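One structure is given here, and the rest of the page talks about it.
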């Protein structure tokens, strides 16, 4: 108990409250506001740190590793789903896309855990986070479309915009850039906002995620088939293992290796579902939202992060 | 003027603005967000303090006193309403339930006043606050149902859930528990959030309460009958007197005694109205919301709290 | 780049994101909440500083100058619009009203720039800001009504209320008064809220303003006629010149002179549009919202403020 | 190509919306949609949401159903309405894809 | 069991909603309901709310009224609409509890 | 004084609303209005918004159009609906100011 991070306790509180059918609820506008805040804060803090002397050392290999992971991870995910579950092709492809992409809040919780363990992490990881959001969507579409019908050009343009310019990527990268441009000036002006409030905002947001996850579990029991749950627990471990390897190969510090594992092991629950709903209307959102939000997210936050952190410390020294 | 607390001035600003029919308004989602924040902050701060050595001393008698007050206060309230006003039985019972229960924001304003007076309060009072929210609802239902119709089982289950697991109780108790489990760790991580912002959030919320109270006064003039207003002013004094006595009997410090009086004298305006609307549809919400929000709440915040504080200092030494 | 303030970079980020049709969006309730916060914080900080010894020196001439500017600036604006554009009378009058009035966020950005330049500003300027919000509305109505139809009395009463008691004036002046009454007490209690968060909240709000401005540009191309754009760029310069002169005449410090120029050069995008939609339904909101929000606001934030600051430092010494 | 159905529209307190949709389900309706309401006026006076407890919020429940289901719903009117603030109206409409509506 | 009434539906600027409901009250309607609108298109182009002043917000006003009241409302159309963005439509419906609707 | 029109009402996923209004525009409708939806039930089960990605949000699209435009819209039903969650209903109404509605 002593060692469970406080934000995780708030996740558990929300989860338990919703399972018990409490009417506790966080207004939509507040959830969205908190998620904007977290992206802004993560971006600015990363950018500011990047501007410090030596901050960019090792960025390119890490970015390349992140892009590659996001592009490639959907392929084993899809293969696994087709081999072991009865999901139709579009739904399997859509699910696979979620696991190549990443979850901002899982990263935030990982960052907090890394810092609580007294480790530092490379400042450019928020840029890696942003870079990993969208490639997986393209892979998922390719997986779904093999032999499928062509899309109308207008839809395709809209989809490309959605994928490349989706709000979270823009805000993350933009804030990162601003933090980097602003440097010490930005740090001084924004520190009470992006540092002081971070933990509190994360707690409130995780409370809401707990509520949403448990409610989703109840709303979409079709995703609760045993083999799907197994996928939702094993795939993040497989992804994290790849992330660990990639982080080590990219020469990151122990904290950075842990966060690469957290990223690769996490699954998107905002950007990818929205893109999939538009691009693959035949895929069942009840399956991919439930797996990502209600199975993999809790698993990562509660068990995955401490595990990856311990492994990273072992393997990378620290 | 010098001595009116700043949050109370914001309440007055909102009240005056709405009376003058200004279009100043706080968005719903923001009010709800602020109220979640206040409960989380009160809970965490209390829990953290409880974890400190000696923090739990005297908790059980205070909890017992709070439960008893919440169960019993509706009875004299109901008797008074039936004797001196013309309210029908369900409405009288519903009103009575509000006065046995408590108001989180009145407690927050009381806490701020206690601290401004240089006093400390027992850290477990947030738990007492949570414990006092719901027993009064059960008493109110018993008062209304004497000889009344039986409810459908499904409704009854829903109602029980609403009563026992209502959002504010769950969040208050959950945050309290998390603060207690997290201890110093939670304090360090969350202090800028739960301490630094508290006064500001309270000001903004009280601004909104002022707007809501004055608008409710204008919307429901039926609650403005002289005898009802008299009830809305005298009942909190009676409740506070009982709270004062209970606090002294439980051996609390002067700040704690003052806050027990504040709790017992306060009336619910979130949890109880919602429960009553479901459980006693025949009761007139125009009466109970107006009395609690627009008569008793302002009275407590402006006059009640300083009065109880002065009395508690007298009677408990300090 | 080094010298562009961080909040302005967030404006640029929002503007660019919306131009590129990203789906980045700030929930309505959050925008409104941030705007309430900024008014509360500006008001309280000003009031607290006013309460310090010597804080009120020079307030009356500045207030008088502000009122005069707000009453009179719509007249040259209207004359210019009638002479050089083809706007109908009600629309020209409505536009003119926006330029006599002021923009709270432009003021906030100006304040941040003044402080970043190491200057101080008179603490009573938030009161001048509040005083300048509404007189311009009356002038605009007179300009529109010359020879026009009389209004129904009920509408007139409603309009007067809207004008005199509009939410931003009430909250600004009320917070100012509370800061002044509360003095050091208010400062101590609210400082983490009104000081610590100010820059961060301003960044988030400017991000949203950038999104809104660019979206408005795309939604109302009729306002993009060359002569209207020219008006939207020249009028703020003319206004700022008058503000500069008035600030010097009122004997303000360099920072104060700069802020008088910022105020006089800014255009309203909340209070005045709402009032004009009610009072002058024949006027085209597509024109006045677009000019104020999407032409003049960005111009002021990006170019106007540094220009006025440089001029003020020249002319007022400092 | 289109098929005749009944369009039932009920304005009711938000706290009581679930009772109404439970009733629609029980009467055999194949679906319903709940829309938010800003404010309303009726016999019980103005109802404008925004109070913290939500007791003054209304919603509008829309249900498209067969004549038979609609008749059942209207018969249950006492349970539906009782003394509470609420209005019910019914009109004719036509739908695509008859198989989607009972 | 049910009684014929008119269902009047008006989409209008949010800032002007109170003028419409005042008119409905003046014409003798016994009630109305205001629903929020996300966005709309009409002669005056796209209207999507979310601007800070709220001038581009629409609402939908729903009023169920007797034939006589509806006729009065439609007669007042100039006052109701003038040059402003707004649409008005009327259809037939049936209500329970006739005494609740004038 | 009033003119007969068709009132088309479509409940559809929020992420797909733009496809529907594009289709209405293409069929020649002179306008439409989008209303928010709190929750709904249909063949595909409960849909309650509030998930962070917005994939479970519905909206209601209202379009008043001439008989001819309405017929075109209904003909496009496959494009409109396909396999997706959505319902379409049509009823009769009358409008003021015919020139405002095609």
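For the reader, a short list of remarks on this structure follows.
The chains carry the letters A, B, C, D, E and F, assigned in the order they are written, with residues numbered from 1 in each.
Here is the rule we use: contacts are C-beta pairs under 8 Å (C-beta built on N, C-alpha and C of every residue); 3 or more make two chains touch, one makes a residue touch a chain.
For clarity, every value in this text was computed on a predicted model and none was experimentally measured.
Common neighbours of chain B and chain F under the contact definition above: A, D.
Seen as a C-alpha superposition, chain A sits on chain B after a turn of 120°, to the nearest 5. Between the chain pairs B-C and D-F, more C-beta pairs are in contact across B-C. Shared numbers divided by all numbers used gives the overlap of an interface; between chain D and chain E this overlap falls below half, so the copies present different residues.
Farthest from chain B, judged by the mean position of CA atoms in each chain, is F. Compared with chain D, the chain whose C-alpha mean position is the greatest distance off is C. A straight line joining the Cα centres of chain B and chain E is 40 Å long.
Between chain A and chain E the centroid-to-centroid distance comes to 46 Å (mean Cα coordinates, whole Å).
Chain centres here are Cα averages; for chain C and chain E they lie 35 Å apart. In chain A, the positions touching at least two other chains are 27-30, 32-33, 192, 196-197.
Across the assembly, chain D contributes 35-36, 91-92 as residues in contact with two or more other chains. Interchain contacts (touch definition given at top) occur between A-B, A-C, A-F, B-C, B-D, C-E, D-E, D-F, E-F. Here chain A touches chain F in the complex through residues 28, 31-32, 35, 212, 216, 219-220, 269-274, 276-278, 281-282, 285-286, 289, 293, going by the rule given at the top. Here chain B touches chain A in the complex through residues 27-30, 32-33, 36-37, 40, 161-162, 165-167, 170-171, 174-175, 177-178, 181-182, 185-186, 189-190, 192-194, 196-197, going by the rule given at the top. Residues 13, 15-16, 45-46, 48-56, 82-84 of chain D are the ones touching chain B in the complex. In the complex of the two chains, the chain C residues touching chain A come out as 1-2, 4, 6, 9-10, 13, 16-17, 20-30, 33, 112, 192, 195-197, 199-201, 203-204, 207.
Partner chain E is touched in their complex by these residues of chain F: 1-2, 5, 7, 21, 25, 30-36, 59, 62, 64, 91-97, 100-101.
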